[in-house]
Amino acid sequence: MYYPSKLRSAVAALLFVAGIVAAFQAGYFGKEILVEIALYALLALSLDFLAGFGGMVSLGHAAFYGIGGYAYVIMTMEAGVPPLAAMALALVPCFAAGWLLGIVTSKVRGIFYIMATLAFGQMIYVFTFQNRMLGGSDGVAGVPRIDLTAIGIDMNDPSIFACAVVVATGLVYLVFSRILTSSFGRTLVGLHRNENRMRALGLSVRWYKAMASGLAGTAAGFAGTIAAQHTMFVSPGMMDWTTSGEVLIMVILGGLETLIGPVVGAAFVVLLKHEISEFTNHWHFFIGVFLIVAILAGGRGLYGSLEAGVARLTRRKSEREQEPGKTTAQKNPEAGNA
Amino acid sequence: MRKTFMASAVLAAALTLPAQAADYKVGLLLPYSGVYASLGNDITAGFNLAVEHFGKDLGDDTLTLVQEDTEVKPPVGLAKARKLVLQDKVDAISGIVSSGVLAALRDFVHQTETPLVVANAGNDQMTGERCSPYIIRVSFSNGQVNRPMGPWLVEKGVKKIYTLAPDYAAGRQMIEAFSKSFTEAGGEIVGGQFTPFRKTKDFGPYLTAAAASGADGIFVFYAGGEAIGFVKQYGEFGINEKMPLYGSGWLTSPLYVGAEGKAADGVITSLNYSPSIENPENERFQKDYMAAHDRAASEYAVQGYDAGRLIVEAIKASGGDKAAFKKNLSKVKFSGPRGPLEIDPATNNIVQNIYIYETKVAEDGSTSQEILDTVEAVRDAPNGCQMN
Amino acid sequence: MLTDPGYLFVQFLNGLQFSMLLFLLSVGLSVTFGLMNFVNLAHGALYACGAFIGYSIAVWTGSFWAAFLLAPLAVCVIGAVLYGVLIRQVRSAGPLTQVLLTFGLIFIFLDAFRVIWGDLALGVSAPTLLATNIHIFGQTYPLYRLFLIALGLAVYLILWLALERTNIGAMVRASVDNAEMASCLGVNVERLFFAVFCTGCLLAGLAGVAAAPIFSVYPGMDLEILIPTLIVVVIGGLGSLKGAIVGSLLIGMLQTFGQVLIPQLAGSLSYILLGATLILRPEGLFPARAH
Amino acid sequence: MLEVVELSKAFGALRVTNNVSFRLEKGERRVVLGPNGAGKTTLFNLLTGELSPDSGRINIDGVTVNQMLPNERVRLGLGRSFQKNNLFDGLTVGESLRLALAIKRQKTFSLWRDGTRDAGIVERAEEIAGMVGLTSQIDVSCDALSYGARRQLEVGLALASEPKVLLMDEPTSGVGPDMTDAFTAMVGGLPRDLTILIIEHDLDVAFDIADSVTVLNFGKVVFDGTPEAARTSREVREIYLGDWAGDA
C-alpha cells in the first residue's frame, strides 16, 4: 500500500525546489534538460502508478504521450480550439484510449499484457506514421504554446516555461499521490497483489483496470501536450516503443512502487545520458550496463535502496530502544516489493 | 559529443585590412548515434576538410565548431539547437540529416534569425512553402535530384515505369517529383507502391509485383541498408535480366554499392554528386579525403565539404561584420567538387548540376560510376516560397 | 496479375521464406518462454550477432559455408555466457525484471555492433552454388530462398523428431507442462533449460547468418526483427513447436499477401492479428501448457 | 438461505456432479464430505460461480444465481475462503481486511477519499481480526505471518466480505492437530446467524462443527443427515473404511 511517508515527501519537496531553482538559475541548455526531465518524470510516475502499484507492466506508454501531443496539435491547429482549452480537451482521447486498452486487456496478464500493450503502441505509431493528414513521418511543426499573458505570464520565456512544467509535474505528482491513498488506490494495489482474491471478494476487476489504465494514459497524454508545446512540434518518434522501454528503465532505476522513485530515475537517466554523451556517442552502452547492474543489485533502484536503507536504520534503532525479544514485526513499506 | 575545432591564421592579418575581427562560432548539428550516425560522421569529416582547405586565411577572424548529436530524434535535435543558439551563442548552425529534425527546427531558427546551412535533409517544403531566409540548403531538395530523370528516361525510350519507395515523407516527395516530370514528358507510371519504412527487409513480394506489371523499368528511392537489400534482391529474382532499374543515386551510393554485388551493374541513377566527376576541385577533395580517412568521399561528405566552404567563404566576404555574414551566406558562389554552385535567392535552395550515371561492376567485384549525362544548373520552382 | 497462378505461387514462396525465417527465430524464444517463463528481448540481438559474426567469418575465410556453420555456434557460446553470467540470476524473477535486463542487453549489443562493425550497412554474398535462380511457372525465383525454405522445414522436422521421439524431448515437454512435477520426477529442469536456451541461441544465430545474404547486415536489425518474432510467439502460444510454426506461417503469409493486396494496411496487419488473438485467445493458438 | 436443486455438471462423459440437492437454513452449518474425486471441488466451484452447471439451480436467499458471475454472487452475500492461502502479500492484516470490507460496502470507487479508513470499516476490521484471533497481529504484513495465522486470515477475508452464506474449502488443510482444534473453536465462535457450508476431508472437523452432513461419492449425494446419523450410517462407513482408512 502507498503511504506518502516523510522520506517520500521530503525527497519530492527537495526535487521540486531544485527544479524551480534550476528553472531560473540554469543555463539555456540546463532549462532544456530540466523540461526533458520533467516530461520523463510525468511519464515515469504515471507508468509506476500502472506498473508498480497496479502490476500492469506496459510497453505502450509512449503511445499516450503521442496521443496527447497529436490531440493538442489537431485541436489547436486544425480545430482552432484555444490552447488552454485544447490542453484539457486533449486529455479526453488519452483517457478514452487508456480506458479502452484497460478493458480489452483486463484478462491479459504478465508477459501477455506486455505484448498486448506493445502491440497497441505500435499500432498507434504505425497509424500516425502512415497518416499524411497527421504529417506522416515528418510530424507537425509550428505548434502554439498556451498564452497566459493575460495574467502576466509569458510562456515563451524559457525560465517561465520550465518553471510551469516543474509546477505541473509537481501537481500531477500530488494528484497521483492522493489517488494512491484513496479507496481506488488501495483497491489497485490489492488487484496487483492478488487479482483472484479481489474477484472472489466481489470486485468487478475490469472496471478498475480500465480506470487505472485511463488515468495513467491521461497523465502520459498530459506530458504529451506539454512536449508538443515545448518543442512546438510533434512527430511519430514520440511513440516509438523504445521510448516506453526507456521510461520503464527510469521507473526501475529510480525505484518501482514508490511514486517518487521514478522521478528520481527520470532525472538520473536524463542527466547521465547528457553527461555520457559529452565524451562518447555510445551512451546506450552505459545505460544498458547501469540497468543490468541495478537489476542484479536487487532491482530496488536508487530511491528504493535509500528507502530500504532508512527503514533498516530505524528498525535497528527501535530494536535497540526496546527490550530484546519484545520486538514486534515492523510494518515494512517495501514488503513484497523486493 | 563536443569537439572544438579552431582555425585561425595570423599570417593573413598583415595582408588584408578588415574593419574589425570577429570570432565565429558554428554549431554542427548531426546524428552521431542511431541509424544515421554514419551520415553524420561523413558530413563532419567533409566539413572539417573544407575548413582545412579554405579556412587558413581567415585573417583576424576565428572559427570555432561545436558538435552536437541529434540522435535522429526531432525533439533532441531541437533541444540541441536551442542549446547551440541560446547557450553557446553560435552564429550559424550547419548539418541536419533527417527531414524530421529539419521540420522541428524550422520555426526556431526562423524566429531566432539563426542561419541554418542544411547539409543533407531534402524536404521540398523547407525551400518551398515553408522556406525561410535563414534556411540555406547546400545539399539538395528531394524534387531536384529526381526531376531530371523523368524527361531523360523518356528520351531514352523508356515509356512505362513501376515505382517503389519507402513510405515516409522523403520517399513520397522523391517519387512524386519523378512521376510528375516523367508523365509530363510523355511517360506512363503503370504502378507503384510505398513500402513500410525501415520495416521492409524482404522486397520479394514487391519485386514480384513489379516484374509482373509490364513496365519497361523500375524507378526507386532507397538508401542505406534498404538500398543494399533492395538491389541484391532485385538481382536474386533475376529481374536485372529483363527490367532495368533506375532511381535516385543513393541507391548505388559508393558507400553501399560494394555490398550490393553484381546486381548493381547497369543500374542508372541520378544524384547531385558522383566521385567520378572530373574537375580539379573534386580531384583534390577526393585525394585529401582518402588520405585522411582511407576511403572514398561519399555524397554526404561532399555536402559537408560544401557547407563548410560556404560558411568559410561567407566569413571571408564579411570583413568581421557578423550581420553581413548572415546575409553573405546565401550569396556565396563557387565551383566545387560538384561543379558550379549557387544559392537560389528565390528559395535559398542550391542550384547545382544533377549527374545521371551508370554503375559498373567489374568481374572482380570492383565498382565504378560512369557519368552518362549532366543536367546543368537544376533549379527548383519557388513552390510557394515567400522569403520574409 | 492477381489471377496469374505463377505470380501467386511466387508470392506464396516469398511468404513461406519469410515464415521460415520467423520460425527459426521464434521457436527458441517460444520454448524458453514456455519452459521457464523467461522473457528474452535480446533474442533479436542474438540474431544480429549471427549476421555480424557470419559477415566477418565470410570475409576472413572467403567462404559463406564456413560462416553458415561457425556463426551459429559462436552465437550459441555467447548465449551460454550470457546465461551463466546474467540470465540464470533472474530466470525466476518476474517478467518485469527479465524484460528490463534483456532490454539492457539490447542497448549493450547495439553499441557493441557499432563499435566493432561500424555504422554502415554490410552485405554478405550468397554462396556461389546457390547464387542463381530457377524458373517456376514462368517466374524466376532465387535458389537461395528455396534453400532457406528447405532449411526452415528441415529444422522444424529435426525439432519435431527431437521433441516427440527422444527422451530429452519428452523431458522438455513434461517440463513445459509442469516444471515442478517434472523436477519431482527427476528431471534436472535447470540443466534442461540451459540446453533449450542454448539451442534457441543457436537457431537465432542460424537465422541471422542465413538471412544475411538476402537482407543487409546493420546495427538496428535486431530491433526490427524482434517485434515480428514476439508477435509470432504470442500468437502461436508459448512453449509449443506447433504454435511457433503456425504463428510464423500466419504472420509470414499475412505480411506478404498484405503487402501485395492491401498495402495501406500492411504495416498494421500483424498488430491487428496480435490484438485480436490476445482478446479472443489470450494464451495464443496452441499453448503448450493447458490452463 | 442456500438451496441447491438437482445440480449436475459433466466434463465430457464424466458426470462430476450428479443431481445434487440440499438446503441450508439460516444459521445452519453443513459439512460436505467425501473422498478425493467425489466431486467436492467441482460442487464448490459451481456454488461460487467459477463453473456453470449443466442443469439444476442454485438459490441464495431465494434468488437464483445460476447466471451470475462470481463477484455478483459475492455481492448477494456469498463469501468464500480458499483451500490454498490466497492472501494479499505485502499488505498488513488490517489493510487486507479493510480492503475486503470496502469492496463489500462499495467504497472502492473514490479517487480522492480513502474509504478503507472510514470509521465503520476500521471498527469492523478490528472485530473480524478479533473473531479469527489476529488482533495482536493486525499491523503485521501477511507474508510475515505463520502458516496457521495465514489460514485464520484466509477465513477473516471471507468474513470481511460480510457474507450471509460462508463457503469454506478445506479450511484445515495442511494445519497440524493443535491448530485444527483452535480452528474448530474459532468457527464455533462465529456469529450463530451466519450460514456456513464447509467442504471437508477430515471427518473429525466435520463432526465437531456441523449441524448437518452431506456425503458425496462419485458426484452423487449418498448421505444427508445429522453428524450422529452419519457416524452410524452404513454407507458412510463403507466409503469411510474404504477410502479414509488412513485418516481414521
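Should a chain be cited, it is by its letter among A, B, C and D, assigned in written order, with residues numbered from 1 in that chain.
Following the convention adopted for this analysis, contacts are C-beta pairs under 8 Å (C-beta built on N, C-alpha and C of every residue); 3 or more make two chains touch, one makes a residue touch a chain.
Since this is a predicted model, take the numbers as computed values, not measurements.
Participant: Quick check for you: compute each chain's CA centroid and the global CA centroid, then name the chain with the smallest gap between them.
Facilitator: Minimum centroid-to-centroid distance belongs to A.
Participant: On a C-alpha centroid basis, what's the spacing between chain A and chain B, in Å?
Facilitator: Roughly 39 Å separates the two chain centres.
Participant: When the C-alpha atoms of chain C and chain D are each averaged to a single point, how far apart are the two points in Å?
Facilitator: So the centre of chain C lies 48 Å away from the centre of chain D.
Participant: Could you work out how far the Cα centre of chain B sits from that of chain D, in whole Å?
Facilitator: One centre to the other, that is 76 Å.
Participant: Averaging over Cα atoms per chain, report the distance between chain B and chain C in Å.
Facilitator: Result: the chain centres lie 37 Å from each other.
Participant: By residue number and range, which residues of chain C touch two or more other chains?
Facilitator: 114, 267
Participant: When you check chain B against every other chain, which residues touch at least two of them?
Facilitator: In chain B, residues 33, 37, 167, 196 touch at least two other chains, as defined above.
Participant: For this structure, give each pair of chains that are touching.
Facilitator: Every pair of chains meeting the touch criterion: A-B, A-C, A-D, B-C.
Participant: What residues on chain C touch chain A, complex-wise?
Facilitator: 33, 37, 39, 86, 89-90, 93-97, 99-101, 103-108, 110-112, 114-115, 223, 227, 230-231, 234, 264, 267-268, 271-272, 274-275, 278-279, 282-283
Participant: Considering the complex alone, what residue numbers of chain B touch chain C?
Facilitator: The contact residues of chain B facing chain C are 33, 35, 37-38, 41, 167, 193-196, 198-202, 204-206, 208-209, 211-213, 224-225, 227-229, 232-233, 236-239, 241, 255-256, 258-261.
Participant: Please give the residue numbers of chain A that touch chain C in the complex, ascending.
Facilitator: That would be residues 51, 57, 59, 104-105, 107-108, 110-112, 114-116, 118-120, 122-123, 126-127, 129-130, 241-242, 245, 248-249, 252, 256, 282, 284-285, 287-292, 295-296, 299 of chain A.
Participant: Quick check: in the complex, which residue numbers of chain A touch chain B?
Facilitator: Touching chain B: residues 27-29, 32-33, 36, 126, 129-130, 132, 136-139, 141-142, 158, 227, 230-233, 235, 237-238, 277-284 of chain A.
Participant: Along chain D, where are the residues that touch chain A in the complex?
Facilitator: 48, 70-72, 74-75, 80, 82, 86-92, 95-96, 98-100, 102-104, 107-116, 137, 139-141, 143-144, 157, 160-161
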